[in-house]
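Okay, so subunit A shows up in both of these, paired with subunit B first and subunit C after.
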Partner chain A sequence: MRFDVKKNALSLVVWALLLTAPLWVDRVGAYPELVTQVVVMGLAAMSLNFLLGYTGVLSFGHAAYFGLGAYGVGLTIRYLMPSTMAGLAVGVLVGALAAALIGPMIVRRRGVYFAMVTIAFGQVFYFIAFRWNNVTGGDDGLTNWHRENLHLGFATFKLMDSPYDFYYFVLAVFAICTGLMALILRSPFGRTLIAIRENERRSRFLGINVNFHIWVSWVVSCTFMSVAGALYALLNNFVDPRAFYWSQSGVFVIMCVMGGMRSFWGPLLGAAVYVVLQDYLSSVTPNWMSFIGLVFVAVVLFFPRGFLGVLRRRASE
Partner chain B sequence: MTKDGQLWRPTRRRLLQAGAVLGTAQLASPFVQIARAADVVKIGMDNPLTGTYAALGKNELIGAQMAADEINAKGGILGRKVELLVEDSTSGDAGVAVQKARKLIDRDQVNFIIGNVNSALAQAIANVANEKSVFHVVPGGHTDSVTGKDCHWNTFRVCNTTQTEANAVASTLVKKAGKKWYYLTPDYAFGHTLQAGLEAAGAKLGATKVGGALTPLGTTDFSSYLIKAQAANPDVIIFLQAGDDAVNALKQAVQFGLDKRFHLAGAQQELEVLEGLPPEARVGTWVFEWYWKQPKVAGVDAFVAETRKRTGGKVPTARHYFGHTAIWTCALAAEQAKTLDAVKMAKAMQGFQLPPEIAMMPDGAFYRAGQNQMIGDLYVGHAQSKGADDPEDLFVVDQVVNGKDVSPTLEETMCKQDWPA
Partner chain C sequence: MSFLKVESVSKHFGSLVAVDGVSMNVQKGECRAVIGPNGAGKTTFFNLITGMLGLTSGRVVLDGQDMAGIDPSHRVKLGMARTFQITEIFPELTVRENVRIPVEVAAGLHLSPRMPAHLKASVNDRIEQLLEEGGLTRIAHRYAGELSHGDQRACEIMMALALNPRLLLLDEPTAGMGDDETHAVARLIKRIHRESHMTIVLIEHDMRVVFNLADRITVLAEGKPLAEGTPAEITANERVQAAYLGGAA
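And then the complex of A and B:
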């Protein structure tokens, strides 16, 4: 199969920008941690979009799995063993396990009921983290731990000491996750998810086990979300219960909607716009939230398919 | 319109798309790096400007700006001008506060970092500052651990610890009101620590807990808790709520007439909060960390006059004082060490006695060695509904307590500093 440059132009641009980011971030006045944050939040938004954009199910409780990933890595490094990879593995495992267990209880709901139940489960985790002071640090967050340098047999990556090493570490994880997501979406299973999104009743009549498919999609989405959460905790060397809070889930939905829910890279663009706007505006004015709100309203009114959706449509016209 | 056989053939539309992507990339990075003169000393302030603590954070900012102007008028820090870079940390989102701290340290290369009003955020910033070895001053977050078990060699704190405040108010309560105490405590980490601090302080003086209720954060109706409190028949009802919860709890206590039958009290109180209360709810015994009416203390009158000029006639609160002292701490540290090297500055500040016109307290103030905690005076007194000659004179100082007498000992704080080699 020949590689079609034209079809993959967007992916090429995205990867070129991400790979070269450390070379130009300083020139445009950004800093490595900000780009790292864009990639992490982009991964989170793309994970949510796997469920929202490709399966057509709106979850308002994804922050729960983001937070589980974050606390998983934090608690592991703090109490069990000071290893970045072990922490990451535990965080992702905990998030995936929780999603797999909670999934069957919610996949039968649809629409607003689905969203409500996901919020409810998310808040359960929020209050556990908020109240269990001895272990999680409660409202003050989990402190006194930090990511560790990564020693592989052939090389050492200074994750702690060099922000660029950490950026490329995050980017590598991001590449694996987005690659897997793209693979899944191209498989017959991924096509089935899109079929469910387009017409659930017809899919059911075709003999597809819709609830099971949604459950699998939910678990996949939440697993990648917990990867993002774990990376976010590693980025800040800190976690607090707000990572679980439902408003955090809302932020992920906003990123998806701003960037474009129907496109693969849309949520990454949405995350970039959100993170950078927040970083920039909040230094300029204390009323930064109203400006982000304005942008969001404008996007919903004028580009209901998000930034990338608009580009896409222009291109196909 | 596309022809096969060619791998890459840019069409007009494709070029436009590429242009749009590039344009968005430009939009996404709207900050233009302003080249700043290298001969500037930068102080980054990562403090709340939005949310619950916005009012406190803004007052600290006014005080900080005032101090920066004073320092510049006197020739700056080591002959270099001071520049204050301000970031909104939000009132409760530690993720944002940490991100802003990294932005200030990594991108703006600040020499000092100031923050935060919220203890949790202060601790989070302290950890970042420690990781990057930047001189850090906490203006107003009170949790013990910041200069206690989670202390760092580079983190200095202006405001008092929760335990010190509890100790200061406890002795007055035992003398003035009695030994049977009832606690109304907000149900989260801060409230629990505060109550534990008061219980420990009270126990030393023979006070006992006759009951207590945990109120969820954001409670609007306190009546059931107040009824329970009356039933326990204490000498003192202690309110540990903050913000809107405090306003509601105190208002309802006065409506119930509890202020006539019991002694109402609490630990720390702020002038900002008293101003927000309806006059009839300004009751109870509290501890202030600084008060603007100190006729015999050097520097206070000038500070009050200058604040009035900048705020349209409002008097400085403890928060203005904290911001002012925090910035001066940075300047004094640099002058004392004759360098901007964080380790040397931190060493120079061990046991450092603040000049009287900066300390603005009758017994002076100093940074305790081995803990980096500023120890000054505390003002125990009672709230009054109306000021005699000034509408903002809402507090009557009954007793000035020297912090040296009520601070936990260095061993009790459990602070162990880990200095770089």
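And then the complex of A and C:
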């Protein structure tokens, strides 16, 4: 198979920027934790977009799995064993398992009903984290733990001590997750998901078991979402119940819509814009959310396909 | 024994009786047309056969197997493929992708997270073959939503054929088309029927198409069976004439 540079131009640009980020972040007034946050939130938005953009199903409760990943890693490191990798594994496993069990109750619904049921389940987790004070720390969040350095036989990665080591660790996880998503989307299974997005009735009458396929897509999407949640907790060495809250789910949807739901990298761009705007605006005004809201409204009105949708169109014209 | 056996099926929507005790026996390899004035219940009748709607009473049997309790997507796997009155395709995908999806489903790949190397060539060959048969090769790279009505219909029919069905159900394949397109689609159906001896049931308004294609005709009126017979018998049937003329008067 030959590598088509033109077709993969966007991916090449994205990877070049991400890989070289530590070399130029200081010069543009940013800092390593901010780029790390962009990558983590980008992974979250891209995970949601697997379901939203490529299966055509809107979830308003993905924060539940983000939060499960986050609490999974935090609780494991705090109570069970001080290991970044073990925490990550537990977080992802818990998120995936919850998604697999809750999924069958959700996938029979469509449209606004699907969205409402996903919110409802998300809120259940929020209240558990909020109320179960002596384990989760309740409203104050889960503190007194931090990510651990990673010792592999041949090398030690100073995840805790060096922000760049942690950035590249996050980027490696991001690469694995997005690589897997890209592979799945290019497979016959991925095409079946796109078929469901495009026309559910036609898909059903091609003999596709639509609900089952949506369930699989849901589990894949939520699993990567809990990876993102776990990384987010590791980044902050902290997690609080707002990770579960439905407005957090809304933020992920906003990132997807702003960046462009129909493009693979769109949600990453949406996340970058959101995170950077938030970082900048919140230091200027406490009302930063209204400005992000304005940007969002403008995007929906004038670029319904998101930033990347606009760039794409320009490029093809 | 008939290949498709519909035994006095009925469908009630509340107090409205949309289909009332209709039976139909279609032989293997037959092309059957279902006709009737507007509101005769033809599409509802189709939806009962494909399982899109549940039966109020009656039975649908495909090749000896009772379809009761089998959902639509499973009926497709058992060999029932259909097209819709309003074309159902994937508008934002290219024609080739539209055909690729059912070909992969038929190859059992729809849950496969990667394309097995040994099937790649045969899947691609099958796609090109279907595109060729449907006269779609030259427009295969275009988005299906951009095509003319007739080409979209040809695309939909080839998608149904990609599933290797044993029974092809076509709901008004020439609805809303001009003469040229109607002619092209009718020719396509005729060729499919002649070359593959596929069992076909179609609803059709255009009588030229019906008389050109059908081996036998079932006439419905107000949800009830009105007549059944060869095209010549139906033309001569006084009750059919009365129903159509009465509807027009």
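Keep in mind that, in the parts below, the second predicted complex is superposed on the first by the 317 of 317 C-alpha atoms of A that agree within 3 Å, B and C clash if a C-alpha of one lies under 4 Å from a C-alpha of the other, contacts with A are read in each partner's own complex, and residues count from 1 in each chain.
As a convention for this text, a contact is a pair of C-beta atoms (placed from the backbone, for glycine too) under 8 Å apart; a residue touches a chain by one contact, two chains touch by 3 or more.
Values in this document were obtained by computation on a predicted structure and should not be read as measured data.
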Is A:M289 touching the first partner subunit B, the second partner subunit C, both, or neither of them?
first
Return first, second, both or neither, reflecting whether A:F238 touches subunit B, subunit C, both chains, or no partner chain.
first
Touching A:H213, do we find subunit B (first), subunit C (second), both, or neither?
second
Given the superposition on chain A, which partner contacts more residues in subunit A: subunit B or subunit C?
B
Mind working out whether A:F205 is in touch with subunit B, subunit C, both or neither, as first, second, both or neither?
second
Name, in rising order, each residue of subunit B that touches subunit A in their complex.
2, 7-8, 13-14, 16-18, 20-21, 24-25, 27-33, 49-50, 54, 86-88, 92-96, 98-100, 102-103, 106-107, 119-120, 123-124, 127-128, 131, 143, 145, 150, 188-190, 192
Contacts from subunit A onto subunit B in the complex sit at residues 5-6, 9, 13, 17, 26-34, 37, 130-131, 133, 137-141, 143-144, 146, 163, 232, 236-238, 240, 242-243, 269, 272-273, 276, 278-280, 282-283, 286-289, 307, 311, 314-315
Which residues of subunit C touch subunit A in the complex?
50, 72-74, 76-77, 81-82, 84, 88-93, 97, 100-102, 104-105, 109-115, 159, 163
Inside the complex, what are the residues of subunit A that reach subunit C?
183-184, 187-189, 191-192, 194-195, 198-199, 201-210, 213, 216
